[in-house]
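Heads up, the next two complexes both have subunit A, just with different partners, subunit B and then subunit C.
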Partner chain A sequence: MIQRWPTSREEKWKYTSLGALSQKTFAPSAPVALDFYPHDWGISFVFVNGFFNADLSDLHLLPKEVVALSLSQALKTHADLICLYGSREFDINQYPFAASNTASLSDGLFLYVPKQCVIESPIHLTFYSTEQNDFMSCPRNIIVADTESEITLIEDYRANFDVTGYFTNAVTELTTKHCAKIHYVKIQDEHRTATHFSHVFVNQSAGSHVDTFFVDKGASLSRSELVVHLSEPDAVCDMKGLVFLEHAGQQVDHQVVADHAAPGCSSRMVYKGVLKTQSTSVFNGKVLVRPIASETVSHQESHYLMLSPHAEVNTQPQLEIYADNVKCTHGATIGSLAQEAYFYLRSRGMDAADASAMLMHAFVSDVLSAVSDPAMREYLLMRIDHVEH
Partner chain B sequence: MTNQYVKELVNKNYEHGFVTTIDSDTFEPGLSEAVVRAISKRKNEPDFMLQWRLKAYQHWLTLSPPEWAHLTYPAIDYQKMIYYSAPKVKKGPNSLDEVDPKLLETYKKLGIPLHEQGRLAGVAVDAVFDSVSVATTFKAKLGEAGVIFSSFSEAVQTHPELVEKYLGTVVSFRDNFFAALNAAVFSDGSFVYIPRAVRCPMELSTYFRINAANTGQFERTLIIADDQSYVSYLEGCTAPMRDENQLHAAVVELIAMDNAEIKYSTVQNWYPGDAEGRGGIFNFVTKRGQCRGKKSKISWTQIETGSAITWKYPSVILKGDESVGEFYSVALTNNHQQADTGTKMIHIGKNTRSTILSKGISAGFGQNTYRGLVRVLPQADNARNHTQCESLLLGPTCGAHTVPYIEVKNCTAQIEHEATTSKIGDDQLFYCLSRGFSKENAIAMIVNGFCKRIFNELPMEFAVEAQKLLEVSLEGSVG
Partner chain C sequence: MLVIKNLHVSVRDKKQDVKTILQGINLTIKAGEVHAIMGPNGSGKSTLANVLAGREGYDITQGEILLNGENIIEMLPEMRAAKGLFLAFQYPVEIPGVNNMYFLKAALNSLRKHHDLPPLDAMDFLKLAKKKIKEVGMDEQLLSRAVNEGFSGGEKKRNEIFQMLMLEPTLAILDEIDSGLDIDALQKVAAGINLLRRPDRSIVMVTHYQRLLNEVVPDVVHVMVNGKIIKSGGKELAFELEEKGYGWLGVDENIT
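Up next is the complex of A and B:
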């Protein structure tokens, strides 16, 4: 399959120019020996420049029955399972960068959670970039939660301060079988000179539950495509996203699709962004309700705060509906801080910075408060406030 | 449970499907530079018009039809179409007595008050039959106020300086495929000029009728409201029932200067094709208004019930400071109709405001798409937009889609967008039924209530017509 380089004439690439990226060349990433990496909590898998590093990882909390291997290892020992679950439901050629990931994938995690296995500790995948400049890494994660199992997964992209200009092109596939649950968090805190592209494909069976939470604060250009396929009845998907742009010239592009292909499913998207500098945020959310998907309930929201006169927000909240017994809504707002609220805080003696910080916290707090696990909420808050680069 | 009632409500017959037998002056099918020259010559146009048409034609040759809309239709063969067809008249009619009585009869059948004592006294009408304007009423009274209201070809003869100054300044022939085609071959349309500080004494109205077979209709409307003036303009359209598809590619340009206001209302009822999707008009229309002056206002109201395919985005360019743009729309698709319609609000001036209220109703196999753009440019401080899109689904086989684009480059903007899609609530229906309504009446009432806010924006006579039209178009499809 020959892929064309997407241009801004294509609907999905209307607001993201690949002009600069197409001029660059990237070297393949090479494994780097690293002695120490502080893991935050839970079960930890550490990937350095795209390659799994067993020494830095901590798997002692992982139940024995779970299959957790680096993809390169799993391809040797569990090829049958990978064939069974790897991107069966998605026409990957529709996504040029996912196809490119397939063509040049480096490593990643293969995780198979067997039936009724509930893992309490979060599984934390860290993709750490260091020591090499202008490289490209293509991690691929295949996660399968079998019937009635439950996991929490954090996919975390970070970088050392001295590494520049690299390109991460990641693909993650989540499969939930009957009544399984995946709580998925993705934190994109790449170096501010990096380019980060990611695809997350979710395929949900009957009665399964997936919630996704995307935090974007790093990279000069970041684009995430989240494609959720609700392929059997009564599946539930809850998608949330927070974007914080503090560096001039940053751009974050979210493409989210909820594809209702079975009756009685529900989906919910809530994306919020704060643009503090001359930066650009794109949100393209689409709810597709196929003719068979009656009794669909879908709700979509996007809200952006523009705090810089040079910020730019482009949103496209789309509904495409072919069934009649449905309830679908969407809402979008774009604006700056409410002047009345700001004035109220200032008149109570708060200084300008504190007042706007407080209002920003209030703006994002409802998305954060939807995270049910208090420890996870704390952790996210800490990561959002923490400035790494 | 409501499906069969929706079906009954939706499938009423198209009332305007008759054909008038009339002598006409018709070109051979096909499009070439010679055809463009011939149209211009037939209209006795000054050279600037011919040159403009030729440039548009050359540009059109470089374009291909747009494919981004949520529409599927067979490719149109532009060489099989007739680009000019006019009822035979000796010269431009000076009064209604000179108009072919058959034409007058046609308009009478359609309920268009061409005679000045007609039932909608107080509305000045310009009627366009196939490609040319056949009659304009109330000229004398409008003339007293200084209002110019005439067919486009007449305006080219009598006010060439105004036409030259404003033609193509809002919708350039470079704008899109259909705008370029229209600029090359348009044969007539309406021209309105409201002078400074004049409030147009009556509603102006144009009635478009396609009659001849295999013809395309390409008309062009240009309305200029000078400083502090006001005009309300209505547009209606019908066509005979035929098995072939016919193309209608019109362009409407509105220009509002300082403190001027233009209110443009459309009831579009082109033949929608039969229940199996045979025939019907392909309606590819470019409509755009420009708020050039300070505090100017342009308001679009449209009721779209006809056409097999509708591709139409009446837009407002809010260039003047404190200018206001409004868009109110009801679009109904039944049987195999497809509509991709919406608006564009481009905020350029400071303190500009826009409101979008769009209601889509889908029944049968209809596909109804709202596509709207709200763009705030960096210099447009304090822009304000509120958009509301609501879709009603009447049946399991239709589709309703919402594709808004919001592009904001100024942090003082305040933009809100909301949309909902649902079917008629069982609770609403139950309430009406328990109060003794028949199901059909209950659904008609709920649909009517759904559209009420748009109907309120229409001038009274049109509101009555629109309400009836909606009932007719929906007959037999309630679900």
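Up next is the complex of A and C:
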């Protein structure tokens, strides 16, 4: 199903070995009947093993003028719109897994938000894996926010405790037209035996605003590529990420690209991670400022906290600047728990686990408190703390 | 309450050279007593306080520390806190991102859990906190800030005393709680310490000045020099030290 396996000689794959994965075979995912799924809030689309399940979904808060269909349905009725916004061919050399997502597509959401439509409730896409082992699902979401519209979207991966060894290979395409806004959250809380690969491609028109918030805590191997094209002037993209690794052998790899292809755009990446055990995290943030993109403002930072001497973090800022009059800054830190603070808390009676949990929360608190909607902040905190498997 | 027998403590510096700081401390503090420890800079007072609270990084090469008869040398800091020990830090730690009130509630409830008491809920905690914060004259707004972050020197010290009053330890070790306080603050802090005094509680104050000892009158004053207690006496000893310095005890004042 994967036509080309990249090797560690390729810069983007330097720290993520695919040796073991390429030896495995995965069955195609099959739709599974499920009677009940508790939905957290908002407008809910539930996909089980990659396939849309209308009965488990709750769309009653969705405004009528919005087009929201499972991709399989949309391909039949809205082929023209899909061609317009989601027809990208992925180069098998540059994006081998996105290319194989196209080849083995399962299902996903097609969402078209018309001009000036502002949807207050978050749109929650849950991709739930259950019953089947060692399968591969290839969800594909195509999201379009037309001129001056605004949405909040949560793309959420979780699994039943008894499902093992499966492979999620997801692609999401976000398009914001003139002055539209997308608040995008992705929660990766897959089963800890799973492999999770995802691509999120963002294409921004003039004056549009996108913020992305990635939470990674599950899977044995998780890799996300976030590629943001700021293709017209004055677009803003704010990218955040939190990584929490508690299981030995876990690996999370973030490849983030901000491609400034128009003047006056700004991009900001802030990624933080906590590695509790022998685990690995990669952050590779690339800022490309093309010759036309004068007056670009970009900032990139990554901070990792390693609580185990066997944890490993690789961070790599890449700045390619071909324009004048740009402001690009970056910074990175890798450290361990502040021993002074740790002792202070324990001297007041908190045990080691509570004290380190408190300091971990403190470490990520600035990223979380930047989430402007308090309900979303609460929800993220709850999901971060919740231990599923 | 506390018995320290022949305590020797050393540290390794960055070059891995061993440096012995405490060289045979003997000290007995009975329930209800207030002791003061004075002594030149670098004599080992804070080291003793830290070792009592269970800070890592010290090698205890000899001796015993008995808290109510139990040797606590191997005990985790949080267990010592649960047994009633409290250290007010000479340099309270700033913890960005941790809310002061949230922190103290977690601490208090950890201790309550140890004593099989139900946790205080947010309302009860707030009521208690508001009462105690008045007793140390601390600005209520400091409760909603991050622990000690950006606090002035005096605010940090008051925050230590506020925590002490909230946690109600049976053995409070106060390391230079009087340094950096203005005159009014010193009164408040001293009043706070006196509030804690009870026949079943003991207090150890590390200080350089007589001022605090006028407000919180000690039963015993010790002089520590070069990691040893070289003299102990009544409260008059503090007056003598204030007047004459450490020279008359046969100590070279420049040794540190």
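By our rule, the second predicted complex is superposed on the first by the 375 of 389 C-alpha atoms of A that agree within 3 Å, B and C clash if a C-alpha of one lies under 4 Å from a C-alpha of the other, contacts with A are read in each partner's own complex, and residues count from 1 in each chain.
The rule we apply is simple: a residue touches a chain if its C-beta (ideal position, glycine included) is under 8 Å from a C-beta of that chain, and two chains touch if they have at least 3 such contacts.
Quick caveat, the model's predicted, so the values are computed rather than measured.
Student: Touching A:335, do we find subunit B (first), subunit C (second), both, or neither?
Tutor: In the superposed model, A:335 contacts subunit B only, not subunit C.
Student: Should A:270 be classified as contacting the first partner (subunit B), the second (subunit C), both, or neither?
Tutor: Neither subunit B nor subunit C is touched by A:270.
Student: A:359 contacts which: subunit B (first), subunit C (second), both, neither?
Tutor: second
Student: Which partner does A:318 contact after superposing on A: first (subunit B), second (subunit C), both, neither?
Tutor: first
Student: Just to be sure I read the superposition right, which of the two partners does A:11 touch: subunit B = first, subunit C = second, or both, or neither?
Tutor: In the superposition, A:11 touches subunit B alone.
Student: Looking at the overlay, does A:294 come into contact with subunit B only (first), subunit C only (second), both, or neither?
Tutor: A:294 sits against subunit B, while subunit C stays out of touch.
Student: Applying the touch criterion given at the start, work out whether A:345 contacts subunit B, subunit C, both or neither, answering first, second, both or neither.
Tutor: After superposition on chain A, A:345 lies in contact with subunit C alone.
Student: Mind pulling up the subunit A residues that touch subunit B in the complex?
Tutor: Residue list for subunit A touching subunit B: 11, 15, 275, 291, 294, 304, 306-336.
Student: Which bits of subunit A are touching subunit C when the two form their complex?
Tutor: Subunit A reaches subunit C through residues 338-341, 343-352, 354-355, 358-359, 361-363, 365-366.
Student: Within the complex, which stretch of subunit C touches subunit A?
Tutor: Touch residues, subunit C against subunit A: 53-56, 76-78, 80-82, 86-87, 89, 92-98, 103-104, 106-108, 110-111, 114, 146-147, 163, 167.
Student: Tell me, which parts of subunit B touch subunit A in their complex?
Tutor: These residues of subunit B touch subunit A: 68, 70, 378, 391, 393-423, 479.
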